[in-house]
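Chain nomenclature is as follows: A, B, C and D, assigned in order of appearance, with residue numbering initiated at 1 for each chain independently.
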Amino acid sequence: MIYQGKQKIWADYQKEIPDDHWYYVRSCIRQNFFPGSEKMFLEICRNVLHKDFHENESHTTCGGIAYHCDTIPQETVMTIVARQFALMTESGYENYVASCITSFGNYIEILETWNEFPELEAKIRELLWKACRREFKKPKYVAHASDLIYKYRNLIAEKAKYRLVNRFTGEPLKVVEHIGCHYSKMFPSKGVGGAEYPYVLCGMIEAWGGNVIDYPERRHCCGYGFRQYHVKANRGYSISNTHKKFESMEPYHPDMIITNCPGCPYFLDRWQYVIAEMEGKTYGENGYGIPVFTYEEVAGLVLGYDPWDLGLQLHQVAVEPLLDKMGIEYDPKRKYEGLNHKDLMRPELPGVLKCC
Amino acid sequence: MRERFLTGYNDFVLPFMIGMIFILSYCAIGLIRILKQLPKDDRRRFFISLVTPKTIVKNIRDIFCDCLLHVKIWKRNKLLGYMHSSIAFGWFMLIVIGHIEVFLYVPHRAKLFYYPIFFRYFVAETETTMKGAFFFFLMDFFLLLVLSGIFLAMFKRIRSRMFGMRRTTNPSFLDLIGLYSLWAIFPLRLLAEGFTADISGGSFLTKSLNHILNSFLSDHTNMLPAWWAYSCALGIFFVVLPFTRYMHIPTEILLIPLRNAGIKIRNARKGFAKAQVYSCPSCGLCIDACPMGVMKTHIKDTTVYLNRQLRRNNERRIEEISDKCLLCGKCTAICPVGVEGDKLRIAQRSMRKYAVNPDYSGIDTALLPVSPGLADPSVAADDKVLYFAGCMTALTPSISKAMESILVKAGVGYEFMDKEGGLCCGRPMMMAGRLDQARQMVEKNTEIIRRSGAKTLLLSCPICYRIFKEEYRLEGIEVVHHTVYIRRLIASGRLKVGKTGLSYVFHDPCELGRGCGIYDEPREVLLAAGNLVEASKNRKESICCGGSLGSITLGFDKRKSMTENALSNLTVASPDVIVTACPLCRSTFTRYADRPVEDIAETIDRNV
Amino acid sequence: MDFGFKISPSSAVNLDNVDLSLYDRLHEVEPDIAKCIACGSCSASCPAGRFSGMSMRKVILDLQRGRQKEAVKMLSGCMLCGKCLMVCPRGINTRHLILAICKLYGED
Amino acid sequence: MKENILIIGGGIAGLEAASQLLKLGYNPIIVERSGRLGGHVADWNRLFPDMTPAEEVVSRLVAGASEANIFLNTEISFINRLKDSYNVMLSNGVSIITKIMLFATGFSLFDASKKEEYGYGVYNQVMTNSDLERWFNTGHDCRITEEGPSAMGFVHCVGSRDEKARNSQCSKVCCITAVKQAIEMKQKFPDAMIYCFYMDLRMFGKKFEDFYISAQRDYGIRFIRGRVSEVSENIEGKLVVKAEDTLSGRPVKVTLDLLVLMSGIVCDHQTCRTAGMLSLPLDSDGFLKSRDNIADITASPKEGIFYAGACTGPKTVPETLAEARSAALEIHNHIISLSEELNSNSEGQ
């Protein structure tokens, strides 16, 4: 691997990300799977870095899941998106940041389509007006939330309490970064670092002291693939893809996986349990899995937030081995204690995959 | 005539006797083994044929003509024929007359094996009689005859071309010993009889020699060494004989009745095949005949070498030789003893074990419908023609188009069996030695043809034609090749052919000519359409086009020179058009020919 | 545990794991096999193809990619008629090749 | 006085044209931006299909053009149009007045690192066709060990026939170059397994097809029809190459020790700049536009400006040389017609 070669490519794919004043839209599914992530993003941006991030409770799905599942036509998804933009315009913002990769891809795709086919944009404006009497301005900048954490990575590093370093050996942690397909594979120039060697997560890992692993199936999809998972008959195809990725990263003995997509961490995390049940195989040390995180969770950990406040107890793969490696203190007893100090009850432990 | 020795014995007869006893017992054992190896029904058939008068006469005639007079070789080359028959027939007569002498003069010695052979040593001439002089003359005459043959044989080793042979075989070491001992026998006999001629009497040859010898060796002590040498030469010859090519002499006597009994090769190495292999005289006529001979590298892949390797059980070479052959059958056609080079090779191929065995049982013949029109009883039997073009014709559609056009012009009602593609006839598979697979195809096709209700099966590919004639059981259906059918149409006046000034040469396809014996019909057909010239080698000796499916291992690049050679043979008389009656020959020739090549159907269709 | 779905093996041909030892022997017996340019003349003219899906082009390719089973299965429909030999633009001795495969490769 | 003819480019086209013009009695001036003559051919080791040493070809051409004025390490700074001639200012300060200019500017090799998925410049074991030729010439390249690769691959059409690489035309020579290089590698490392990943194989030239058959049959090079989709590095530093074997309709994956990218021929950036000074038009493929692509390939639409070789599109060495000769003849005819015009004008006065 020639690092300078990658740097050369990264230099070609840098995008302009304004520092402040963002209109933030959430993901449909992330709060269910990784409930601490979006909260932590706003927490870091607003309270740690004191930036202006605005949210509007009226925003809806972007329609991306339905769009990629082939259940709604393009005009529909465009009109939904137009409404989101209208909400942003009404709130007086120009910079639009999405929490979800598919939303991000969706917005970029729609804006690019409107650039190529202005008549379509006009039609959508008309449709939006008919539907809800709203008007919108196209956002000046569209970013994914990971773009912002990437932008703030050095600020976060300055304030960091922990680093991505194995405190027993002093070695940097071996980190697998996984980028959501819709981040830059459709429009390489819209992602930090391009499509082949995206830098957005690498930059965070480097800034926070970890070592990025470049394994052969790095570019491969996590296996979600919308229709592949949602149609049960295709689910074997979905897990086969995830399995392929794990087989490929296995020889590198990664300490953790960082992702920037709603679906990826979910499938990389949950399929580890299914693979363990099906094949009796686990990929982490001592029968554990490889812990999977969202970038916000990692940022939170680095900044010293309590793991249980980050929602890490909702992960299938136990995160404790990694917390130990990083030297993060945590109270095992608090793992299943709700914010209201009520007992969340313990989940049933799986048969093969070791969990704490 | 009186006996010189009371005992009638001398030690020098020992070498001869040892050799004779050895060879006789060897042959007896060999005969029993071959007969035992024959399948039961073949063996029965053989024994029956031995007591059937018709075959007895045929056997005697064939043995006399082939083994003694070598009529086939005479036909090929007079000098070569003379050489062979002088030695064989001369020697035979020497033995016969020797026995007559013994019977006449010393009948009580007739049971001694060696007596007729060494007669002149054991007797002394008491008085000169006309009878004696007559036998002496005959004996000397036949000795001279044999000696002239031996002389020619020696000369042939230096200049084989004189005998019409461009290439001959490379003799093995034992062959050489056999050869030299054979050469030595008769000069030594002359010498021995020359020494004794003044005692035992003699004629123009032995007596004259005796005078010359006496002029400087007036001592009878030289007599015995000469007789010893003669006996030794005979003894050595007989002892090495089973291991040399001369084994063909006794084996051929078995082969002829076996063949006349109608026995075919059923096992690649045993029985009839073995008889054929041992009958091979290693004469090498097949070397010149082989179409692969144009490339020197293939000389050792001819039938004579196959037989040699079969005798040595050299499996690697046997496989190589049998797989390379084009199966054109020319070696079989010209073989003076009737070794079937092509069939022997197919038999070798059939021994091979394959891990993958194609199976066609899953093929539904209903997929290949033939219209029920042919089964209609109101249609005249003549018109119930089923035309099977075959795989190769599918690649030369001009032939099938011409054939259809002829049928239409002649007003023949027909059905095109494989217009939309059909099953292979099985002959290519058979040539590869995979007889079970070929049989499966034969059965499938039989099913289709039987169902069609046709009375005539018309074929334009000789490869198909041969297997349809030989292996298919289509009683009640006439299998006919298009050359024959077209001739019939012309003869019956259904087809009127106009004559042009073009001159045609007809290439006899291997499978049609040598394979099925059809030589005249295509020529008669062509004569109706124009002038006919002949190739320098034609009919039975026609040269394979080089495209044959018979060869398994010959690559495309190695066939070019064969095709070119075959073409140059065809064009000696500068014909305008080369005509053949085989789609494969046509495709192969078209590739390299300098003039038009067409199928006979195309020629006729154009001239109707 | 039965989830109602399974991890399917990759459909990709991994050339690293392809055992070509038989192919190499075949190549020694009939070097022409390497000359195939997959033009498909053989398959297009094959009379057996109609009944059995036999395709010489696919057989050669399958053997080169280590998919022996498929190749052997296809070959069992071959009638050895020699049309492929006639049409091959590269002059590959297909009949010898077929017989050599039948000899070297087993049904399993 | 001998007519000055400015030849831009000291590659094989420029050298051959110069030597022909010298024979016709003109004064060719070669301007070459690099420090040596021979262009791309001088970087090559041996030429298909007869394995002729490139050095032989170049040195013969250099010898033929030795009488010409040659400026190495020199570029064209600017060009002024005079009444019936051009004043060309060179970067070394020399100024040349000429009526005739010959563009023999050749081509550039496609920058293989632009095809990011192949990882040229990112993965250690990926090289280009020209890197491999350099190794043939010098024997030095850290990517090729002494015992050689046990498995290696060639990727055809890198930056050719690829809209995404903004180069939709065929580079013509890469197919045969890959076959040549594969054979050369097999000769050096007989145990190596060599794959060629191709979209089409265009064996158009004399003896090319024989070369290809020999690569298949005699050298056992495995041709896989399918573009490489992506390359990655495994833990041992070997390359994992993925493609679709379009003939069997299945994806293939293979681990290789070395991957050679067949960089295509693209129009040279500097040529476009110089052409811009003279407002010479570019063809739709990005190369210089001839007056006519069939009948008049060596003439530009402008009087007195001629083309030879790969500046008008990808060409083989013999094609380039033939064009250079043809351009020299065109120039000769043009000069004769100019002087005839001059004579008739002066006679008329």
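Keep in mind that, in the parts below, contacts are C-beta pairs under 8 Å (C-beta built on N, C-alpha and C of every residue); 3 or more make two chains touch, one makes a residue touch a chain.
Since the model is a prediction, treat every value here as computed from it, not as a measurement.
Chains touching both chain A and chain C: D. By count of C-beta pairs in contact, B-C exceeds the other of the chain pairs C-D and B-C.
The centroid of the Cα atoms in chain B and the matching centroid in chain C are 40 Å apart. A straight line joining the Cα centres of chain A and chain B is 86 Å long. Centre-to-centre, using mean CA coordinates, chain A is 46 Å away from chain D. Counting partner chains per residue, chain A shows two or more touched chains at no residue at all. Residue positions of chain C with contacts to 2 or more other chains are 10, 32. Not a single residue in chain B touches at least two other chains. Every pair of chains meeting the touch criterion is listed here: A-C, A-D, B-C, C-D. On chain A, the positions that touch chain D within their shared complex are 1-2, 5-6, 8-9, 194-197, 214-219, 251-252. For chain A in complex with chain C, the touching residues are 232-233, 235-237, 239-240, 243-244, 274-275, 277-279, 351.
Only residues 32, 45, 47-48, 50-52, 72, 75-83, 85-88, 91-93, 95-96, 99, 101-107 of chain C touch chain B when the two sit together in their complex.
On the chain C side of its complex with chain D, the touching residues are 10-16, 27, 31-32, 34-38, 57-58, 61-62, 64-65, 67, 90. By the touch rule above, chain D contacts chain A in their complex via residues 113, 116-117, 119-124, 230, 232-235, 237, 240.
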